[in-house]
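Heads up, the next two complexes both have chain A, just with different partners, chain B and then chain C.
Then we have the complex of A and B:
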């Protein structure tokens, strides 16, 4: 969708709600330099969130939306869970249908958009929790990777079923005591990043959302690689502070602890050699574009 | 009763899409044709084909953007034949999903993205996919699904049985039941046109009895292969297409509303009512395009046989046999189960003293449907029922009717 499509008739401008005017004037649609740094100064693509105060998912959501390289032609697919409470506030078309079928929906959607718009880039991005991605939807998650479906899957890993009240999930760490794991979880945290790479994902990243720069980089990488090569997977640790007994202000510390050396969320990336070369080239292009933009800005002054 | 629409008015069903007369985007030998012309004016050619081949032949003329396949007897052959169509360039996209639950999700994704989408399933596949069907309806996705009915019980059975249709009835989809291969061909193409009407825009399940229809050969009159339906126009949909080509007025197709307050309950309630009202609004289109939601013969008879699917075909022969013995029996064939032709059935059965409802399932859901809408419903004889793959010889229907009338000994 071109930004032209959301232009408001001049005669109607004064009557439009300020949120809509903001969307036209200050959203980052069509800005290829958009980044997480726009948060707080531009109109964000997420109006508000209805998550718990201090929930790391809420900031992860904002980073992701600020990092999408092509939001004006991106459709997101969600699933049931905490994320589905936020999606109604997101200024990108998105689909919620059932619990766990997000990668099936995205497979059909991406193929339909390719058939309908063969000459246009239409990105599809799945964003779902770990219950949807790894438990109830694992079959569809992995089958979409086996088939080489060209979209990005992002998993908000909070290591439990948050929205239903903190039950055990496949991504929960072994030994953690929770609802439905009354004597502690008896098996290891599922190693989905490794499984993803073995299953055909061309780019895989696993990290916390403590560092926005890193989140932006992997989201951008994942979307660009999905366009050119095939499936990509990003797993983000977004702890459920409510269910692990933390305070609202403790989310960041929890993530920093979890990514420390030797801990389970040390940042990791897997990619094929082709993807490595592609991303290197992409980095060089991005740097050149940024330099050119800076020079242009300086000249304009 | 729904007002009959005259022949000329059927043209309202024809898309006003500008593409009529243009070459299909998928196959250079096909031309987008007014559905009115395909259904009512084109010269047809009789072909001797199986029901599976008929599914292929219908979808070949459907300007289909996407078909998702999965093997389950007895629809596997049809789904594979559609794959051959894809290889020959007759449709936009075709792939195999990993389970019926996933396939219905993939169909939903394609339809959300503005593609005319179709699939086929059967029996346990229908049941595995079931969670998707109310989602399709609630999301107003006009997906066409052909259901080739078979047993769903354990022990495992692949044989014909129509019990699964009963589970589809309250999903919010249109449900039509084909009697023959000709019906199957017509219902698939006509169903797509009705399902995509902006005031309807809900999914359609075209059901047929597995094996009896899918695996037997029958003569079917087919319009020329170069005539294809005009393409689906997703921007005529009553809800936004999820392709980021609409201004971001409403971003979610199904706003996630699950707070516990009255406004949210009311929102859900009104949407559910709207989905079922949309199915109801399909009557006027289906009435015209199917030449009525029911087909009748000899309604002045005291005995009427009322059913759908191949039970009607067996009934037709039973009626002929009874006629030879001087027992006159009329016929009501129900084509659309949702919307159910309530007014039509009421009118057709008003003078009948005995209403016989033969069915290919153990519970007799069709008899219950009929009993629930007609006065003096003790007139309904529930049965004969066969299930588990049994056939229903016309002689069985004859005997049951004679027993019911006291014309044959119970021990016969």
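Then we have the complex of A and C:
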């Protein structure tokens, strides 16, 4: 990891728009200790977002980008939906796929990267809505898990099709009425985290994005485990404030309510024993690295 | 042979792609002027004159030269700066191809999805694309030809651009320098730049990480 990959030609430096200079100068690329705490003080990997004001997807997106262990060598695969409006602003390689096809695209991509760059770590991360992951793309999602494809799938679960005006999705809760589903959902929210674990995912997490450090940990775990073991799945509750009739400032409260004891988004994780041991080792390494970085910073002062 | 000519616009909201009108690309050692295949020297001569005749001659470097992918890219960037100083011409970068919404800042950048905004805003009447990937260059060149009267040129690293009014192919540092030399020679012969006075836009961004290139 280094800034080597994003150098501006010296003769052109003065002519580059400031946002690019800023990106090269202050982005967190190459910083092994990068974290969600860099949001706001260093150059973020999203310039602007094009979501509704206060949409929790926007902050979830930032946390995810800040948590990727290897952003320069990560390729994200997106799908149609509200998230796809943000990808053009993201300073990480990304591919837009046909709605629902994201996990098929990611499978091919990950395999091709492995052939093309056998000596390099290249992470592939899918980021798609619940409609793309659980309904229209469910076949592609699950087949990639059955095959043990080595990448991470992240689902922004806003419990409906937000981008097309609020149709019912498999992840919608039973009884919920939305603008384009006036009858109300007749069956239960699909238990995709459990299905994912049964289908071959080595690490699964389901939570809201109310706590950045938790999101960071989970994303990092998922990417590292996908590198070593096989498919991983993270489901994040990012409520569509527009569809549930909340104000811009109310997204956080909505998430906190939804993760309270007994509610549907109490944080949960599933992992194999091997993964548990691996993550424990990884945690110890991370702690040591953090300590060393702190000591080095103190010595430099 | 096609009777179609790749002239400056405004041609139509959606001008036809030049290739669909029968315009073909030059072979090595050749260029094209408005769709007519010519020896490369003729293209240098006309390109240099177009820049000197223009009121707002502008160079549009693309990602292939703006970013330091390798040493050759950095050398091409230097050659572009020499060309800009010789004419003199503005340098306005096309740093990437993202559709930038809600807006671009047309003084400092050009975007392939609405290049006409930069042309209109700065009243650019002659321009050259250098280091822009083929498909984005063709898209942008067509939009410019569609909605503006700017004379478009392309210094293409591959086989040339049929959608530019004038195109070179196989761009290299030597070729960019040859264009610079042609401009300087014409100036020596008495051809004066008709360009408006301008100050090259420079960012006053304060740098904490200065790239080093030893």
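In the analysis below, the second predicted complex is superposed on the first by the 297 of 301 C-alpha atoms of A that agree within 3 Å, B and C clash if a C-alpha of one lies under 4 Å from a C-alpha of the other, contacts with A are read in each partner's own complex, and residues count from 1 in each chain.
Rule of thumb we're sticking to: a residue touches a chain if its C-beta (ideal position, glycine included) is under 8 Å from a C-beta of that chain, and two chains touch if they have at least 3 such contacts.
All of these numbers come straight from a predicted model, not from anything done at the bench.
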| item | value |
| --- | --- |
| Touched partner set for A:12, first chain B, second chain C, both or neither | second |
| Which of chain B and chain C A:106 touches, first, second, both or neither | first |
| Chain touching more of chain A, residue-wise (chain B, chain C) | B |
| Touched partner set for A:88, first chain B, second chain C, both or neither | both |
| Which of chain B and chain C A:183 touches, first, second, both or neither | neither |
| Which superposed partner A:261 touches (first chain B, second chain C, both, neither) | neither |
| First, second, both or neither for A:299, with chain B first and chain C second | neither |
| On chain A, positions contacted by chain B and by chain C | 6, 88 |
| Of all residues in chain C, those that touch chain A in their complex | 61, 65-68, 73-74, 76-78, 80-81, 91-93, 95, 98-101, 105, 108-109, 200-203, 205, 207-209, 211, 213 |
| Chain C-touching residues of chain A, taken from the complex the two chains share | 3, 6-18, 20-22, 24-26, 50, 88-89 |
| Contacting residues of chain A [partner chain B, same complex] | 1, 5-6, 23, 72-75, 77, 84-85, 87-88, 90-98, 101, 104-117, 122, 139-140, 143, 147 |
| Residue ranges of chain B in contact with chain A within the complex | 65-66, 68, 92-93, 95, 97-99, 101-115, 117, 131-132, 135, 139, 240, 242-248, 251-256 |
